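Letters A, B, C and D mark the chains in the order given here, with residues in each chain numbered from 1 onward.
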Amino acid sequence: MPSSWGKIFRISTFGESHGPSVGVVIDGVPAGIPLELSEIQKDLDRRRPGQSEITTPRDEADEVRVLSGVFEDKTIGSPIALVVDNKNTISKDYDNLKDVFRPSHADYTYQEKYGFRAHVGGGRSSVRETIARVAAAGLARRILERDLGIRTVAWVDSIGEIDSNISENSYPKSREEVDVNPVRCPDKETASKMERLILDLRNEGDSVGGIIKAVVYNLPPGLGDPVYDKLDGDLAKAILSIPACKGFELGSGFSGTRLFGSNHNDEFYIDDEKRVRTRTNHSGGLQGGITNGMELVIKAAFKPTSTIKKEQKTVNSLNEETTLKARGRHDPCVLPRAVPIIEAAINLVLIDAYFYQRALQPEWYEKWVLNRETRR
Amino acid sequence: MPSSWGKIFRISTFGESHGPSVGVVIDGVPAGIPLELSEIQKDLDRRRPGQSEITTPRDEADEVRVLSGVFEDKTIGSPIALVVDNKNTISKDYDNLKDVFRPSHADYTYQEKYGFRAHVGGGRSSVRETIARVAAAGLARRILERDLGIRTVAWVDSIGEIDSNISENSYPKSREEVDVNPVRCPDKETASKMERLILDLRNEGDSVGGIIKAVVYNLPPGLGDPVYDKLDGDLAKAILSIPACKGFELGSGFSGTRLFGSNHNDEFYIDDEKRVRTRTNHSGGLQGGITNGMELVIKAAFKPTSTIKKEQKTVNSLNEETTLKARGRHDPCVLPRAVPIIEAAINLVLIDAYFYQRALQPEWYEKWVLNRETRR
Amino acid sequence: MPSSWGKIFRISTFGESHGPSVGVVIDGVPAGIPLELSEIQKDLDRRRPGQSEITTPRDEADEVRVLSGVFEDKTIGSPIALVVDNKNTISKDYDNLKDVFRPSHADYTYQEKYGFRAHVGGGRSSVRETIARVAAAGLARRILERDLGIRTVAWVDSIGEIDSNISENSYPKSREEVDVNPVRCPDKETASKMERLILDLRNEGDSVGGIIKAVVYNLPPGLGDPVYDKLDGDLAKAILSIPACKGFELGSGFSGTRLFGSNHNDEFYIDDEKRVRTRTNHSGGLQGGITNGMELVIKAAFKPTSTIKKEQKTVNSLNEETTLKARGRHDPCVLPRAVPIIEAAINLVLIDAYFYQRALQPEWYEKWVLNRETRR
Amino acid sequence: MPSSWGKIFRISTFGESHGPSVGVVIDGVPAGIPLELSEIQKDLDRRRPGQSEITTPRDEADEVRVLSGVFEDKTIGSPIALVVDNKNTISKDYDNLKDVFRPSHADYTYQEKYGFRAHVGGGRSSVRETIARVAAAGLARRILERDLGIRTVAWVDSIGEIDSNISENSYPKSREEVDVNPVRCPDKETASKMERLILDLRNEGDSVGGIIKAVVYNLPPGLGDPVYDKLDGDLAKAILSIPACKGFELGSGFSGTRLFGSNHNDEFYIDDEKRVRTRTNHSGGLQGGITNGMELVIKAAFKPTSTIKKEQKTVNSLNEETTLKARGRHDPCVLPRAVPIIEAAINLVLIDAYFYQRALQPEWYEKWVLNRETRR
């Protein structure tokens, strides 16, 4: 269903940017998992608006509450409902948008789809929906870490024309390494250039796009399923469903198309700890859509924020041409806040692949969870 | 489920490269649709091996049979089972692969996932699975054309370092314009360079990747659903589930990340026929995951074929290092045959979005199917 | 997923009897439907505890709130979240149950399933979950009435050994005819006997079961799908998922097994309005799982409430035998409050079959919704 | 989807009674399971037509073939396609039915649903679809037996007015005890009465209904899920989707509605082997929709076969009244052949609940599968 995700760890999200609340119901959570709301709150805080000077001034605490599924701080096997109320909504900012379609927003498409449109805020197309995923993924992350030691780390790799200098050898290993600056680019020098650009664009009323890169460490081999549930397909869908995302790459991505097979193939070898590894990782951690034990490496492209304060030509619902100059509060660059959203998207894909795998291949579960000794 | 696709027009595919048959069961087909097997066969012929000098010499007629769901050449509302038998399989080509993992193939990952591997052919990871999608999409395409006039056209845009010169103004309008040469690149001059490269690589036992571009014409606005069923997400998943695919872009994709919002936004205007259009199409036909009536434009990246005839280092199932030189019959470049597969993937996404839309918004159906007059 | 229902009108429910809230998220609601909360509240009021002397004294207003999906009193196509807070919970009533398994309750089975149990209230097995369905079905009912004129009416047909005298000719035609007494048995004389029995049992601390019958009027032919989505199958599942339900019959049910085909077959005829009808209705309105335009007739068996105030033998979580005498507040007979729940279950099945049918057979939609003139 | 079943062990069936083939694709089968086709064939032989004098003379070998998912007699984790060709079809038997609706068949409802009807045979409403389930369930049964020791046994409990004398103490323990006579009623004396009745009805061209009872032995506690995936709900749906089924009971069913709670509740005790058991089993093995370790006990009501050779009044597709006298070959009583179908329906429900449980509660899997010692 359009607002649901997952085969087993199944989330159903709800809420519009200017309605009473946004939230998620998670069905398919094992009983007995410690649920510390403060952990989930921490994840939400990384995506909340108003966390730094370079994000939207819409200041929301985004405090999460539990409506069900938890008893004495542990999951009980029932659906878990998590809710965040919308507090700082200023609907009158949208009065002038009632009949006008903002360029590159979903106003026109919603109008045509539903024959009807809630003109305050972006409704369901708003990035506020991602609160629901980040909250649900907070629980997923915990389970993945506890059972398998999996760790997902994303960062801002480029903004506009400003590229970072982070190579395979210098990928950040933890979210702490990423959160050292408000841009969430662990290359310090580049980060300050990016920050300056974003602040300049805010002043000009303009916006900019960029690229986020993400790595998943410590994945066991065997996760993901042929054919339509290949991990790459599920990751691509999870990421393209984030507002403003326009592209996805796994491993070598588009640049790999220019190589010959003899350069691109990832040769296997046995490492010192007797594990199967590949010398290169053009595959980005997946072969046939299934993890091979190498790091999962993906890239996501974000377009410039559609809301700008410059005057633009557009049309209205009476089929007339008109112009528009946006009010409202928006991020000139969504990338820094998209970092935790990308991580959430990835973790939601991984938890589901993991639960499906243990449903069907319990020997794998015995090997990688019950009996694993030291893992990477 | 891993081998199924779609919410309403639901396909379940089966079959391995060296098993008895590959096929598909389609549940969710309206009754009374003419089913001409010859039309579906034509689609299959575009993807079949052995169709030209630049594809694999595995020569398969890939003749499709109907097992159910059709009576007197019309669909009856029951599931439609379509089957193609595997005929030209040479399993002994794979004897030397029994215990060896081919680099950048799914051998190792299947072994780890299932604790067991059918070593002949790529099993379920083989591109032969795409027969099932192409067959099912043949029916989808017919319905989309009849009800809405939708037309999907894909072509080879680059191979290795050879880029075509096809701009927005010269996009091919029909599959006939694409099929003029075996490479399926409608830029004639580039096509012959590509053909030469592929033949050279075949002789060297090497392979190459490339990029396929696809455009969908005549889409009505309003198809696609927030949030997880955005068309871009579904398209990305459909395309990333094709073997060898490593990247996806919608509209401006990765290059759009370098622009400012004031350049990237697609301004609306009213055209001569009183339709809402955008001056540019950086959005690639979708806003908020929903069609806006502009052309849908996507790109898919394909890595070089993993099977090469040069010696490669690898490991075996005894955890030992070894070397491998492939036998077997393979495409040095999958792109030309991937063109109809990309089109199939797109049409399967669109038919499902269309059926879901008419389930929920019958007024839309009345407007765009029942009462539409002349459409683009 | 365990807490979800429906292919298109998809509900996901959450909440335990003693947690903060119960609620439902509905995904798959057309945009533009008037959503009057007072209408849904009316449905909830029919199932709420404490509504009469013969129901549980747990007095809950069960006031419903909307968290999303509605703007200016109309649905907007987004998921609709409806929430009811649990207010009158007395958890200490359950202190003595912490380690004891109540006979014929889900205590032992939850313990074994999850290895863990929230001992206050019945958790997810409590009848409070049905709030969520009744709320969601309130919206479904409205759409079914508006588009097709469908009307679902259920009533209490027997309690314990007390059978009503309601024959095919005297089936109630509206919920008003049913709500004339607190027992919800439209046979007045029988109703007062039933009421007396229930009050007696309350005094004795005992409980009793019974049978609910339901009829759906004005169904068009053609709803329901072969094979696993036959309406009878979906109805049976919807009804057996209501707490305390132990049996389901369609039409002639178990008594029909004793007849010969020559007596049981429903012969067709043409009525005065040129409609196809059957002389008898042993089929209960479905043939091949699909509506035939006759009334849908079903029966549901409810066991006696498991909670009784008499001493019972049981075991505890230490694997010891023990005895138990329940405290807490419960209905001595669930039937009167189950009437709106049965109606809700039926309407949730019908709305989904209707939406699926209009997805696949738009000609049917044109005939029965767009172009229908006078309907029964 | 209408022709699919299951969350994890997911089957998609296809085929009409007079089309080329019927079959099933099973997605969600663990790799490495021995697949002996002869075992599945044995299950199919129990339901095939023409197996005795009291069944339809349509003689079909119903030989099953594997199209995918198996390599060297083991499952490989890919979808398994099983196909049975229709051989003994006599379409001309149906010529006189082209425009006439057979009473109590799905002819009229299919016509209204699809606006179109394949008049030869019952199409998708035919009992031939059950071949697909029986084949798929053959594999499910094997896994349930191997992993958990679960055993499902069904039998004919009554035919028309003839009731067997099989009480809780004399329930058959194996299918061998059931297959001792062609009626599949393990009460010998009653069986011969039933056989005589069926043969008489065949001569008269009439038909009769009856009741099948089924018991599942050796179920561990903890299978089944709240709320909509309660085992009773899933079983009811699985069974009501079998052609001619009109009723379902779990445990005390309709007769339990007449009891008081103090009689109906199943008191717990500790047995000699220190297991938790209940003195009575009115619950039929489920509490809160989840197995409690007692035997699962269900009943299914079958109406008399609709096809009779007596003249009946009906209508045709021109909306005229007419009469009909059936030709064709049919069972005067479906019960004996429905026994293996009921078992299949149950096993398909159980395997799915089992796989879902091990996805979410691996500790349960460790306890009941990995570490169980002697089980009942």
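Note that in this section a contact is a pair of C-beta atoms (placed from the backbone, for glycine too) under 8 Å apart; a residue touches a chain by one contact, two chains touch by 3 or more.
Worth saying up front: this structure is predicted, and the values here are computed from it rather than measured.
K.L.:
Where the contacts of chain C and chain D overlap, which chains show up?
P.N.:
Chains touching both chain C and chain D: A, B.
K.L.:
Among all chains, whose Cα centre is located farthest from the one for chain B?
P.N.:
Farthest chain from chain B, going by C-alpha centroids: C.
K.L.:
If you average the CA atoms of chain B and of chain D, how far apart do the two points sit, in angstrom?
P.N.:
39
K.L.:
Suppose each chain is reduced to the average of its Cα coordinates; what separation in Å results between chain A and chain D?
P.N.:
About 45 Å separates the centre of chain A from that of chain D.
K.L.:
Any idea how many Å lie between the Cα centroids of chain A and chain B?
P.N.:
Those two chain centres are 26 Å apart.
K.L.:
At least two partner chains per residue is the criterion; list those residues in chain C.
P.N.:
Residues 1-4, 7, 13, 28, 31-32, 77-78, 110, 113-115, 124, 226, 356, 361, 363 of chain C touch two or more partner chains.
K.L.:
Once you draw an edge for every pair of touching chains, what topology comes out, line, ring, star, complete or other?
P.N.:
It is complete, because no pair of chains fails to touch.
K.L.:
In the complex, go through chain A and note every residue touching chain C.
P.N.:
Interface residues on the chain A side: 1-4, 10, 12-16, 19-23, 25, 27-28, 31-32, 65-72, 74, 76-81, 83, 110, 113-118, 120, 123-124.
K.L.:
Give the list of chain D residues in touch with chain C in this complex.
P.N.:
Per the stated touch rule, the residues are 1-5, 7, 13, 101, 103-106, 108-110, 112-115, 122, 124-125, 129, 158, 160-161, 201, 206-211, 220-230, 232-241, 243, 245-254, 256-270, 274, 276, 278-279, 282-284, 286-293, 299, 301-308, 310, 312-315, 319-321, 356-357, 361, 363-364.
K.L.:
Within the complex, which stretch of chain A touches chain D?
P.N.:
7-8, 28-32, 77-78, 226, 355-356, 358-363, 365-366, 369-370
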